[in-house]
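What follows is a set of structures to go through.
In what follows, chain A forms one complex with chain B and a second complex with chain C.
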Partner chain A sequence: MLNPMQKDALTEIINVYIGKAASMLSEMVNQRVILSVPEVELIAFTQDGQPSKQLPPIFSSGHIISSSIRFGQTLKGKAFLIFPADQAKLLVNVCLGEEPVIQESEELVAFIDTDFDVLKEISNVILNAIIGELSNFMDTRVHYSLPDIELIYVSESEGTILLKENTYLLLLHTTFLLSETPVNGFILIALSMNSVSWLLEKIDALLEA
Partner chain B sequence: MQELLILAIDRVNLGIIILDQDLNIVLWNNWLVRWTGHSTETMLGRHLPAVYPRFASKIYQDILNNALVNGQRRFCSGALHKTFIPPAKEALPNVRQNLLVEPLYYEDKTYLLIQIMDMTEHYTQVKGLKNIIKEMELEYEQAKISEVIYLYQALHDPLTGLPNRNLFNERVNSILPLAKRNGKMCAVMFLDLDGFKEINDKFGHEAGDLMLKSVAKRLKGLLRSSDTLARLGGDEFLLLFPDINSPGDVVSIATKIKNDFTQAYSVLGKDIHITASMGISLYPEDGNNARTLIRKADLAMYSVKRQGKNGFLFWSDLNNNSDPVADAE
Partner chain C sequence: MKILVVDDSLFSQKMLIRLFNQYLPESEVIVASQALEAFELYKKEQPAFVITDLLMPEVSGQELIRLIMDYDSHANIIVISADIQKSTRAEVMASGALAFLNKPLTDEVTGELLTLIKETPHA
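For the complex of A and B:
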């Protein structure tokens, strides 16, 4: 989907955006925050809703917390910040300055609505930064929605998040480091076919220049 | 219609501020008038960061700016930010507010819509709930610990910390089926100290208790980890030897125990000599349950006492024609 040059360029661009999000988050929670995206992948969804390549283990069965922001106008899509439930709780605890305890089993991960508020805000900061910088890169303006938080159970059989056909997914493998506590999550940006071709054109133009 | 909308905005249960591009207030609803004590007339036209310096800090400047310039909508949680617009009554503790910032586009101009939701009561409830959960977890932990202590106490002798009769019975009854399956022998030994009453009378109960503790410690040192040593009470001990190959194995350990008693016990600065009488029963030949095996070992021990103490005998050595245990049952 992406040639090595495009992949490198996109990874580099994304890391600049995510660095800005990390510094905002760091100011907010008053802790050292490091965010990095070591790898970017572009995945296409075929007509039957199946991905063109194997999705990472975060899509294995279990509870996940997904926060998503829709954005629109010429650059159109939906951005998701996704954590396994235990990692989301860990992130909330660290942000609130509570003990960073990993829950022993998934059944014990108990969220209260104020935890969702914290996750909503964190995802708002990170996704806004990425969409914002992406739109700057594309030289366009976008409209943003507020984040929608969902606790989703991914079943064994399902295994993947179903997306409409002709959707492309930018998958950003993301690592968070909050005051030495590592938290694993993913950022997904679902883009329409038009938006993807336009993004690739922009990247190619950047590479040629 | 315009008046109706203003009326509605003044009735909603949240603070609504509209700012122009220079962050000057163009709308300050009635909720905020009640909350802050500042009337709409005094607030209109004023620069928000000048009235509330929190909005002058970099984080909030960035948030307002991103909404104005980049059109971003932003949610801020009371959990992380606590308070944005403080209440008139300073007595109100732990105020928590959620805040929403978004751009409004009207007649070629960009405005900022700020919504403030008071979450104080909600957070107080959550805090209370968290405390209740913590207390319940603590109580549960304590109950679990008490249960472990209670169970330990129910199955152990408080003086020596050794298993008591109940735990010994349990061990015997759990080990016999294993021995049966593996075709192995087991032995039960009843051990009673000789002349312990005299020691108690001569040196006092404190010395007697210390003596029992020392006996327990030294006996334990002679056993394999798979063997069980229990105290029945007084100067009576029970020993279980699982997984033995022949009566000869038990003779070895009984001899080792007898020899160990030739060494004096040092109690409260005095060297005290004591001996023990031991009776032994074997599984499977002498019985197939704890009660029978203990009873037969006890009878063998009494036989040793009658024959002059300081030694050991097997139940099978007693030349009994009748089985008193079986008869009694």
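For the complex of A and C:
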């Protein structure tokens, strides 16, 4: 378990990194990005692979765009940038300097290759900013996979579908909102057990110094 | 002056092409989405500058730098990557790159890139 001091230190560190990532996104879309305070949770898994506590709900049910990057070496895990599908399309429009068209109907918006390409590049920048800073903090080097992008339907009961790999234990998540366009995103970072131990050792050393 | 842009993201390619067309209208921009394709283009076109990403499918930008520097030790290679790790920057600079800039392509980054291209002597 995380003690209150570890949790506070970790939240603060991640807050700074997410702040940098938000600043990058802000420059890409030319709008202010409003962040929520990041949540840090340590989640234990039972032997049958079930989480010991409720994982954070990602969004209400519907189609989402999930863009993720795996990272490895000594610091190992997976980072996700997630948007509701209709809002992902708005984000692409804003990035390309096009007028965002807000869809009224419930129908799934159509995505073309360029949309996925832009979303991949956004997640590449945002997630690298966070993981790269974490890697610098840990004084190590991570290797990244290519960004992976998926259009997924998530039902209320399947809100945890993205976290089915039970090696990941420490969840750092936050939401953000663009100031002028209704785009609400979710950043989630999952670290492996060994990475968590190592990170906590580093934080403890900092706290004791 | 030829500039070879190497990035698997069409979005990033487009941004750089737009930048060079606007601020370096005399330049001829060549693009590649993969490192090996870029290396072949480098040998054929002998560009004055190579602007490359690092994280690309199949062959990485680091490997492309190695290939080009082995072929032409005077190559002017500028990396533009989302990777903000100090160790990556150190590795890239040690391999002979001219500069390492971070995405996204903000006004500050594009300004630095254009200054580098304008001020670096090239054949």
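Note that in this section the second predicted complex is superposed on the first by the 156 of 209 C-alpha atoms of A that agree within 3 Å, B and C clash if a C-alpha of one lies under 4 Å from a C-alpha of the other, contacts with A are read in each partner's own complex, and residues count from 1 in each chain.
By our rule, a residue touches a chain if its C-beta (ideal position, glycine included) is under 8 Å from a C-beta of that chain, and two chains touch if they have at least 3 such contacts.
Since this is a predicted model, take the numbers as computed values, not measurements.
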So, after the overlay on chain A, do chain B and chain C clash or fit? They clash
A:G62 in the overlay: touching chain B, chain C, both, or neither? Say first, second, both or neither.
neither
Review point. Once the shared chain is lined up, is A:G19 touching chain B (first), chain C (second), both, or neither of them?
Key: neither
**OP:** Determine, under the contact definition given at the top, whether A:L146 touches first (chain B), second (chain C), both, or neither.
**Re:** both
Message: Quick check for you: in the superposed arrangement, does A:I112 touch first (chain B), second (chain C), both or neither?
response: first
Going through chain A, the residues touched by chain B and also by chain C turn out to be 24, 27-28, 95-96, 113-114, 117-118, 120-121, 124-125, 128, 132, 135, 141-142, 144, 146
Note: in the complex, chain C contacts chain A through residues 8-12, 55-57, 81-88, 103-104, 106
Residue set of chain B touching chain A in the complex reads 58-59, 62, 66, 70-81, 98, 100, 102, 119, 122-123, 126, 129-130
In the complex, chain A touches chain C at residues 24, 27-28, 95-96, 113-114, 117-118, 120-121, 124-125, 128-129, 132-133, 135-136, 140-142, 144, 146
Counting only contacts in the complex, chain A reaches chain B at residues 24, 27-29, 95-96, 112-115, 117-118, 120-121, 124-125, 128, 132, 135, 141-147
